[in-house]
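Going in written order, the chains are labelled A, B, C and D, and every chain counts its residues from 1.
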Amino acid sequence: MLIVMHHSASDQQIRAVQEAVSALGLEARPIPGSERTAIGVLGNQGYVDDSSIRELPGVREVIHVSKPYKLVSRDFHPTSSVIDAAGVLIGDGQVPVVMAGPCSIESEEQMVSAARLVKAAGARILRGGAFKPRTGPHSFQGLGIEGLKLLRLAGDEVGLPVITEVMRIEQLDAVCRYADILQIGARNMQNFDLLKEVGKLRYPVLLKRGMSATLEEFLAAAEYIVAEGNERVVLCERGIRTFERATRNTLDLSVVPLIREMSHLPIIVDPSHATGKRSLVPVMSRAALVAGAHGLMIEVHPDPEKALCDGAQSLNGPGFSTLMDELRGLLTYLGY
Amino acid sequence: MLIVMHHSASDQQIRAVQEAVSALGLEARPIPGSERTAIGVLGNQGYVDDSSIRELPGVREVIHVSKPYKLVSRDFHPTSSVIDAAGVLIGDGQVPVVMAGPCSIESEEQMVSAARLVKAAGARILRGGAFKPRTGPHSFQGLGIEGLKLLRLAGDEVGLPVITEVMRIEQLDAVCRYADILQIGARNMQNFDLLKEVGKLRYPVLLKRGMSATLEEFLAAAEYIVAEGNERVVLCERGIRTFERATRNTLDLSVVPLIREMSHLPIIVDPSHATGKRSLVPVMSRAALVAGAHGLMIEVHPDPEKALCDGAQSLNGPGFSTLMDELRGLLTYLGY
Amino acid sequence: MLIVMHHSASDQQIRAVQEAVSALGLEARPIPGSERTAIGVLGNQGYVDDSSIRELPGVREVIHVSKPYKLVSRDFHPTSSVIDAAGVLIGDGQVPVVMAGPCSIESEEQMVSAARLVKAAGARILRGGAFKPRTGPHSFQGLGIEGLKLLRLAGDEVGLPVITEVMRIEQLDAVCRYADILQIGARNMQNFDLLKEVGKLRYPVLLKRGMSATLEEFLAAAEYIVAEGNERVVLCERGIRTFERATRNTLDLSVVPLIREMSHLPIIVDPSHATGKRSLVPVMSRAALVAGAHGLMIEVHPDPEKALCDGAQSLNGPGFSTLMDELRGLLTYLGY
Amino acid sequence: MLIVMHHSASDQQIRAVQEAVSALGLEARPIPGSERTAIGVLGNQGYVDDSSIRELPGVREVIHVSKPYKLVSRDFHPTSSVIDAAGVLIGDGQVPVVMAGPCSIESEEQMVSAARLVKAAGARILRGGAFKPRTGPHSFQGLGIEGLKLLRLAGDEVGLPVITEVMRIEQLDAVCRYADILQIGARNMQNFDLLKEVGKLRYPVLLKRGMSATLEEFLAAAEYIVAEGNERVVLCERGIRTFERATRNTLDLSVVPLIREMSHLPIIVDPSHATGKRSLVPVMSRAALVAGAHGLMIEVHPDPEKALCDGAQSLNGPGFSTLMDELRGLLTYLGY
C-alpha cells in the first residue's frame, strides 16, 4: 500500500499517518519526493482496508498494491489448473469444451430433442436453465425442480453431463441431486453467501462474470469459492454492460488472455449472452477460441422461434451443427 | 411493440412476421413507409418477449413500447405513495427522512454510541449492517445475528426504528425478528427470489439500485416485490458504475426527479456509497434534497478512523450533527 | 511513481527496472515487502511517461502519483480563481451566473426575442450557437458567421455579453470579432490544437467536459489552455456517457464539489445537455447551485416546439422566467 | 418515427401531436392500443429532429426508425466496398492488410529502422504519427512537418505507402503532400469540420471510432465524409471506454461482424490502443482476423523501451516478425 500526501501536507500530518499505519500493525516508510511525500506501507499479508487512513488530513490518495484475491492468482499458483467437470477436462492443454443447450428447459420433448442435437453435433456438456432470472416478474420464470429432472433425463438419454444455474442456497440440494456442474449466473457473481456455500461442495462451478464486474472483482468472487476449499472453478466471460447497446452486452474478449496471465483458473466464453444476436454467435465463438478460451457456452434450441426465452440469440440444430464443424476445423488448425 | 423491417425486406418476409405476431395471439398492423415497412403490434397486455420475432429474416429491429413493469408506474397509479416505515412516513408531502448509522455493527458500545449521536442530531431511522457483502473473502463479513441483536438494542435504547440489509432468504426470519425495515442491497437488486420473498411479507423494504441497473431494470425489480403483494417499497439511488473512478460510484441525481415522474414510489439517496468520500457527503445530501429526494441514508460512525468498513465515507458525530443542522435550515427553506 | 514488481520477480529483473529508471534521470528506491518488491521513483518534476518501464519483465503495475496537470490544481495554486468574463465575475464569492439562450441561432427575430426574454428574466450572459456539431451530416449545421452577427446584435440590443462555441481554429478570428467568451464544446475537449490556440488569446474560455472524459483528463485539457498563458478558464460539467439512456447523459453532479477541492478554477453546470429533458432542467439547476456550481448554462428558446435543434431540452420564456425566480430565492437562502 | 403517448393522454393531446407532425410536412397515423396510443409517422426521407414533438403534453417517448446515416449503410448499398489505399486493396475478398509502425516519429534513424523491419516482416502500409494528441500538455507532442518528411522518406526507402493522423484542417495540405492515407483519430471522430474537409479530398481515410461512440454515431461520422463525395473510408475499431481499466480500453470485437452486417465499408482493428498491453497484441490480432476484420493497425518500434510514446503497447522487431508469421498461417487457414 502506498499513501500519497498532498503537496502541502505538514510534517505533523505525515506523522499522524505513520501512526495510523502503525496502529494497524504495519510499518510505514516515508518516501520524500520533490513535490510531495509518499508513504510506503510494509508488513501486510494481503489486502488492507484503508478506511482509517484514506480521509486523514493531508492524504491525497491511497494506492493498493495487494489485491483482494490471492489463491486464484497465478502469482501464487503459477501452474495452470485443469478442472475435471464430470469427466470432461477443462483448462490448458485440453481440447476446448463446448457446453450447449437451451436457455430454459421447457418440456421433455424440447429438452431431449435439444440434447440429441447438441450431442450429435459434438457438444460435450449439456446446459439448460430450470431457475431463470428475468428482469420483470411477468416473464416465464422456469420450470424449477421439474426442469431439473428433465435436464437429467435428457443428459442421461444422450450420455452427456449437465450444467444448470443455481440462484439461491435452498436450491443447492435439488440442483446437486440432478446436475453435474453448478453455474453461478452474472447477477449472482457477488452473492457472497451463495459463493461460500458452493465453496463447501465438491462440485465443479462455472462462475459467470457480473455485468459490471471488474477483472479484480471477478477474481475476488472466485476467491470466495476457492477460499472455502473448492478449487474446481471455471470462469466465464459473458459480456459487460457499456454505453453501447447495439449488442446486448459488450463481449470483453481481451479479458481471456489477460485472465490467463493473471490466474491459473480456466476461462470460457458465452457468445450468446454477450452479443444477444444469433448471427454473431458463430463468428465470436471462433474468435473466442483463437483468443485462448478453454471452452464455449452456446445457446441452442430445436426451434428458436418458439423459445420461451432468449430465442433471438439461440442457434437451431442445423446452425449449431454447422458451427461445430467450423470449430473442429479451427481446433485442428490450433493444434488440438 | 413495433417491428421495423429492413429496407429490402420482401413482401413474403413481412407476411412471415405478421404470422409470427398472430401466433403470439396479437394483432399485426403494417405501416408502410417511404424507405421501409414497420409493423405495429396491438393487443398485448404488457411486455412481450420478442425472441421469436427479432431474428426473423428481414427484421431490422424490434422496439418495445410496453415496459417490464406496470404496478409501480405512475401511468397506472397516478397518486404518489406514502410508505409507513415503522411509524415514519416516507413520500410526497412528508418531511424527508434521514436514516443514519454505521456501515457495519461492530460492538454494543459502538452501536449504542452511534445510535445516541444520530438520534441526538435528528435522524429518524437507525441503520447498521449485520450481514456485509464484501468484494473479497478476506475482509470483515459482519457480526450476523449477534449484530442484529445489538442493532435492536441500540434502536430501543434511543427509540428509533431500525433498518438492516438482508442478503439471503434464510436470513429473513432473523432479520424480521429484529428489524423494522428490510434493506435489499445493490448487489441483490436482481436477486429475484429474494425480491419475491420480501414481496410476501408486510415489512417495508428499501430497495437499492444495482450498480449497473437501468431505470427500467430498477423499476422492474421493484415490480417483483409489489407484484407479490407488498406495496411498501422505498427506492434508493446509491450511485452507478461508470468509467469515472474519482468517486466510488457516479451519483445519478437526475434519476430522482425522473423516478418521481415515472413511478409513484418514494425515492431516497445514499450519498455515502455514491461518492465514497466523506468530504462530499454533506454537499451531495443537500443537493439530493433539492433534487426532490424523499430522504437520505448516511453512514455515521462514532470513530470513523477505527471503522471496520467504509470509514472513509462515514461522518463522525460532530460532522453528522453539523450536517443535520444545515439540512434543517434547507428543509425550512424548502417549505417543510 | 511507484513500480510494483511481480511476486516472483528476480533480483536481476528488479535491477533492470532500477537501471531503466536511472536512464530517465530519476532515482529508484526499492521497498521490499512481505509478498513482493515495490520501487519508488523520486526526482521527477511532473508526470512521467512510463512506457519504457511498464512492460519490462517482472513488472506487474506502474502507479502514477503525479498527475498530467499542475497549473490548474489547487495543490499548487491554493487560492480560488475568479474569472472576469466580459465584466461578469465567475468564481468563489461571486453570485452564480446564469448563461442562457437558444441552442442554435436561427434568425434575427428568434435571437433578439430570446435575448430579451433571458435578459428580462435575469440571465447575465447570452448564449447562442452559430457553428453546430451534429451527429449526422443531414441535420441543421448552424448559420455560421451570419449567426455570429445576429448573436452580437442581440447581445448589444439587450446589453448582455455573449458566448458561443468555436469548433475549429480558422473560426477563431471571426468568433473573437463577435463574441465575448469562447466556448469549447464537449466533442472538442481533447482537440489539443484548438486548446493551445485559445490558450494564446486573452478571451475567457468555457471548457466543457468531454462525454467520456475522466476528471483527470478534464483538468489536463484545462492545463493545455493555462499552460499557454490564458488563465481565464471556466469549467463546465454537462453530463457523461454511461449505460443509462433514460436521460441524454448522466449528470455527474458530485464532480462539482470534487473539482472545487482539486482545482482553483470555477465550475458551472449545463443541466440542459446533461438531462436532455425540459422537465428536469429546473430541478437540476437548483441542485447544481446547492452542489456549489459557480453558474449555470441553460437552453432557452422563444418557441421550443419550432426550434431547429434541442427543442426538447429548451425552456420557453415563461418557463425560464419561473426558474429564475426560484433561483433568486435559492440564492438568497444560500447567502448571495 | 413512432410517437408513444402516455396511458392517460387525452384525445386533445393526441390531436395536438398529429398536428405537430403535419407541421413538419409528415403524415401521422395513430395506432390505438389496449394500454395506450402510439402514432406512426410516415413520409420522412431520413432522420427527423423530434425536438418539437418529444416534450409535447401526453408524449411518453419518441422512437426513431430512421438512422442518422444512409450512404454508408448496407441497406442502401448492399455490395461491399473495396477501398484502394495507395494500391493496397482493403475490403471483402482481399487479403487483410497490416499497417504497422511507431506511435510517433522520433528521428530518421528510428523511422527508417522501423520501416525496414515492418516491411521485412510483411506489413503493407507504414504508419507513424507526426502530430500527436496527448492528454497533458507536458508530454511529447510529435515532430510535426519534420516528422511527415521522415515518414515519407522511410516509406520511400522501403517502398511502402504511408498513413498518418491529421488533427486539424490546416494540417491537411502538409499531410496530403507527404502521406498516402489520412487517419482521423478517435478524439476527432466527431470533429465534423475536419470530416467534411477530408470528405472533399480524394485520399483514402481511416476513421477511428471515438472512445465513447456508439455504432450509430460511428457510422454517422463516416456518413459525413461520404456525403461530401469521398467514398474511400475504412473504419477502425480501437477499443471503447468502459468501467474496466485492466486494459487501456475495452476492445469491442463484436462490432466487426456487426459493422459488416450494417455497412458496406471495410473495418479494421487496432489491438495496440485497444489493449494498451504488448502481451495482448498478438492474440487479439489473431482474434480480430477471425472475427472478420479487413486488416490490422499495429504499433511497432525498433526499441520500445526507449519510445517517446506508447512503448508499453508496441511490439519490437522480433515480436512483430513472429506475429506476422503466425498471421500468415492463420490467413492461409482462413483461405487467403
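Assume a contact is a pair of C-beta atoms (placed from the backbone, for glycine too) under 8 Å apart; a residue touches a chain by one contact, two chains touch by 3 or more.
Worth saying up front: this structure is predicted, and the values here are computed from it rather than measured.
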Farthest chain from subunit D by C-alpha centroid distance is chain B
In whole angstrom, the CA-centroid distance of subunit B from subunit D equals 38
Chain-centre distance (mean CA atoms) for subunit B and subunit C, in whole Å, is 31
For the pair subunit C and subunit D, the C-alpha centroid-to-centroid distance in angstrom is 25
Two or more other chains are touched by the subunit A residues 46, 212, 216, 241-243, 245, 277, 279
Among line, ring, star, complete and other, the chain touch graph is complete
So, in the complex, the side of subunit B touching subunit A is made of residues 20, 46-47, 49-52, 54-56, 68-70, 131, 133-141, 167-170, 187-188, 190-194, 196, 211-212, 216-217, 220, 223-224, 227-228, 241, 277-279, 304-312, 314
Within the complex, subunit D is touched by subunit A residues 212, 214-216, 240, 242-247, 250-258, 261, 274-275, 277, 279-280, 283-284, 286-288, 290-292, 330, 333
The residues of subunit A that touch subunit C in their complex are 2, 4, 6-8, 29, 31-36, 38, 40, 42-46, 60-61, 63, 65-66, 75-76, 78, 241-243, 245
